[in-house]
C-alpha cells in the first residue's frame, strides 16, 4: 500500500536515513524498531510529509506522494499520530475529535453563516461518530474534559481517536506506547488490533515496547545507523545476531544521526 | 552514608507519572549506570534527581541531607554536575568560555580548575579559542563534560554521554569516564549502549516503566540472560 | 446635569461603545479565535473610515471625493477596502512568527497614518476631512428622532449583525478549526486542515469588521483626521477591551468595550472635576497611564479576562449520560 | 555632480541616524535573545533616557555630554523597575503576553514623560553648530561626537560581553536557557542585568537622537519601527548584526529623501523590513551575541 524506495536523508553530513526501502502491505500492522538514533522517526517524518527526503520516493498505491504536505496526505487517506501526543489543549475532548472530519460544509464560513441548519445537521452526524469513537476507546467519561487535562495515556487514545474520525485507512503511529502505563497500553494495543481486523485499517508503527510489537506486528523491520538491517516476523528478528548487537550496542559502527 | 540516594521517586511532566517508585543510589568512587528500554524513565529519573522535574513522592538525599525538589543552582553549589543529553554546550561561546560558565558559581581564581580539565581533556587546550558550536560531536561531548568538571564535583550525572558518537569515540568516552571516577568522583549515567556501559560500571540499574527491575554489579547484569531479553522483549 | 444632557451623553456613550465593540469583535476573530497578533487595528480602522468618507462626501477642493454615493455603498466600500488590505497583509505575514506579525502590523498601521497625514490630495492631511454626513439622519428625523439617536440605532444594528456573524463563526466547524490551529498547529495540519487558508480567512474577515467600525465612526463623528488613528485610540483601547473582557469570548469583547469605555470616558469626567489644579494640565496622559496600568494588572492577575473562553455548545441534543 | 554631493551628504546623516538605530536595535536584540519577545516599550525607554539626560544637565549645569551617562542610568533603572514590577510576573506565561504588556508599557512610559516634562518640544543646548566643510560636504561637530559616542558605547558593550563573567553568562543564556540553568547560572540576576544594559543602550540612542534633533514625548515611539527594522535586518537576537542593520536602515532612510517626502522615512524602514521578512525570515547577517 505504501512503498518506500531508497529514502535517504542527511543532517549536517550525517546519514540519518540511508537508502531504506520497504513496503507496508494492505491490511498489515507493520512494525519499525531500532535503537535510539537509528533514523526511525526521520523516516516516519519523511513518509508523513514533514521532512523532505534528499533522495528516494514514497508511493501510496500508485501515486508518488514524496514531499506532499501532511494535510494533502490526509486527504489521500494517510494520517499519523505523534510520539508526544498533540492534543488541542484548551478544547474539549469531544471538540478535539469533531475538528477532524474532512469536508464539513461548516468549515466554509459562508455556509456557516447562511446555511446553519445544514451545518448543524452535519454536526449532529459528526457527533454521533464522535460518541461512537469515544465508546470504542472507552474514554466517553472524559468527553467534556479539556484535552490538556487528560493523562498521557488518555491523550494517546485521543490521538488514535482522531485517526478514527477520518476515512483514512492507513495510519502511521509514532510510539503509541511511549510513556503509557500497562493497563492503558493493553487498551491501546487492543484498539489497534480491532481497528485492523474489524475495520480494515493498515498500520505502520514505531515502537520500543517489545511486548506490543511482538503481539501486534507482522512483519517487523529493524533499523540501525539509518539503514534497514533486518525484516521478518518477530521470531526471526529475535534470533538475528545483527539485531541483537544493534540493540545491545557496541558491534555496529557509525551509530550516528538524529535521535528517535 | 551514600553520596546520593533517590528513593521511591514518583513524578512526570504533568499528567501521568513516568517514574513510579524508582530508586537509584550512588557512592563515591563508583560508576553507576541506568539502562532500560525507551520510555522506561531513565532520563526522567536524572532530571528528577537534579531538580528539573517535580518529584511528587519519594525523597532525594545528598550525603544524607534531603534535597528533594531542590533548584539546579542549589545542586551545583552542593557539588553535583549534570550533563544533559543534547544541546549540552553553549555553541556561540568558545571552549574556554564554556568552561568558565561551568564555574560561574565559583568565587576566586578558576585557572587551576581549568588546568585540571585540560589535563583530563588535552584536546580542549588546543581548541580553547574555538567556538563550541563549530566542533564535532565527540569534541562537544568533551566540552560538555569539561564544563561539568569545572565545579570540581563530587557527583557527575551524564545523560547518554555516547549518543550519536562513533564506536571509537564511544570507547574513548568510556575510558574518560573511568578516569573521572578514579579522581574520586561518583558518576551516575544513563546509557543506550548498554553492553559497554555495563562493562565499565561498578553497579547498574535496569529500569522499565518507571520502576527498578534489576540491580546488580555491571558484569553480573551483563551476564544475566533475562536482562538481555528485556531489550528485545519476550 | 439636566436630564436631556444625561440622555445625550448616554447616546454618545453607547454609540462609541458600539463602534469599539465592533472593533473588538474584529480583533477577537484574529486574536481570540485564530491567535494572530494584530496591533495595527488603527490601520484597518482608518482605511474603513476614509474609504466610506471619500465615497459618500460631496465634492470638495480639499481632498479626493465628490462621488456622493449612498451610505450603504460607503459601508460596503469600507468593508471591501479593509478586507483587501487584510488580504495583502495576511498573505505577506502568513509565514511569520508572532513577534514579526506584530511588528509588521504596527508598521503598516503607522505607514497608513503617514499616508493619511501627508497625502493631502487624498485626505486633506492633518487638517482632516470634515462634513461627512449622517445620511441616515433624514430617515430618523421623519421618525422624530435626533440624528445622534439615529447613529446609535445604526451602530447598534450593525453591532448586532456583526455579533451574530462572529458568534456563529465561533460556534461553527470553521471556528473549531481556528481554535484547533491556535492550540496545536502540527496536529491541525495532520488532521488535514489547510492552515494557511484558515488563518488568512480569519485575518481578512477580522480586518473587514474593523473597516466597518471605521466607516461607522466616520459618519457618526463627521470629521476625520490622522489624530483619531493614533495607536492609542485605534489599537490600544481595543486590545485592552478584548483582554479585559476575555479574548476568545465574544460576550467578553462586548463587556470589555462597555467597561473600558466607561473607565476611559469616566476618567475624563473625573479628571476634569476632581484633579488638583497643579495636575489639571495632565489629564490626558494621566488617563492613558490609568488604562496602561489597568492592562498590566489584568495581565498579571486575570490574563484570561472577566469572561474566559467557553466551549461552544456543540451538542444540539444531549446524548451524554 | 550635485547628486553625488547630495548622496554623500545624506550618507553622513545616514551614518548618524544609523548609529542611533544601532544602539536601540542592540538592546531590542539582546532582550529578544534572552527573554524571547519583541520589546515594544523600547522606544519609550529611549525617550525617558533623553529627558532624564536633559534634566540632569539643566539642573547641574554640566556640559552637554554628561547627559549621556545620566540618561543611561535613568533609563536603565526605569527598565529594571518595569521588569521587576510587571514583566517578572508574566515571564513564565507565553511570550506573547509579554508582548502585549510591553505594548501597554510603552503608553505608560510615554504618559509619564508627558506628565513629568510636559508635552511641548524641548531641545539640548548644543549652541550654534558651525559645520566644517570638507570639499562640499558639511560636517556638523555634534555628528562626529554622536558617531564617536556610539563607537565608545558599542566597544564597551563588546568588552563587557566578551571579557566579563556576567557578560559571558548573558551570551550563554541567549544560546541555551536550559543549559544555563543546569550550569548554575542565576537566570534572574542575568535577566536583571540584561534590562539594565538594554535600558542604558536605549537611553544612549535617545540622548544622541535628542542632541541631533529635538525632544518630544513621542520621539522614541516614532523611531521604534526603524529600530525593529534594524534588529530584524541584523537577525533578531544577534546584537552585532543589529549594528550593521542600523547602518543599512539609517542610510536607506536618509538617502530616500532624495526622491520621497522626508516624513516617509519610517515607511522606508518598514518596507525594507517587510522585504527582508519575506525573503529571509531569519534576518540577513549571521552572528551571535
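We call the chains A, B, C and D, going by the order they appear; numbering starts again at 1 in every chain.
Rule of thumb we're sticking to: a contact is a pair of C-beta atoms (placed from the backbone, for glycine too) under 8 Å apart; a residue touches a chain by one contact, two chains touch by 3 or more.
This is a predicted model, so every value here is computed, not measured.
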* Asked: Which is the least count of steps on a path of touching chains running from chain B to chain D?
  -> 1
* Asked: For the chain pairs C-D and A-B, which is connected through the larger number of C-beta pairs in contact?
  -> C-D
* Asked: For chain D, which other chain has the most distant CA centre?
  -> A
* **Geometric centre distance via CA averages, chain D-chain C, whole Å** => 31
* Structure fact -> Chain centres from averaged Cα atoms put chain B and chain C apart, in whole Å, by 55
* Centre-of-Cα separation between chain D and chain A, whole angstrom -> 49
* Asked: By residue number and range, which residues of chain B touch two or more other chains?
  -> none
* Among the residues of chain C, pick out those that touch two or more other chains and give their numbers. => none
* To do: Give me the residues of chain D that touch two or more other chains.
  => none
* To do: By the touch definition up top, name every chain pair that qualifies.
  => A-B, A-C, B-D, C-D
* Structure fact -> Listed in rising order, the residues of chain A that touch chain C in the complex are 48, 50, 69-71, 74-75, 79-82, 86-92, 94-96, 98-100, 102, 104-109, 112-113, 116, 119-120, 122-124, 127-128, 131, 140, 143-144, 162, 166
* Structure fact -> The residues of chain B that touch chain D in their complex are 50, 52, 72-73, 75-77, 82, 84, 87-93, 97, 100-102, 104-105, 147, 151
* **Of chain B, residues touching chain A in the complex** => 12, 15-16, 18, 37-39, 86, 137, 160, 163-167, 170, 192-197, 209, 228, 231-234
* Asked: Can you list the chain C residues touching chain D in their complex?
  -> 37, 39, 92-93, 95-100, 102-104, 106-108, 110-111, 114-115, 117-118, 231-232, 236, 239-240, 243, 279, 281-282, 284-286, 288-289, 291-293, 295-296, 299-300, 303
* chain D - residues contacting chain B, complex -> 165, 168-169, 171-172, 175-176, 178-186, 288-289
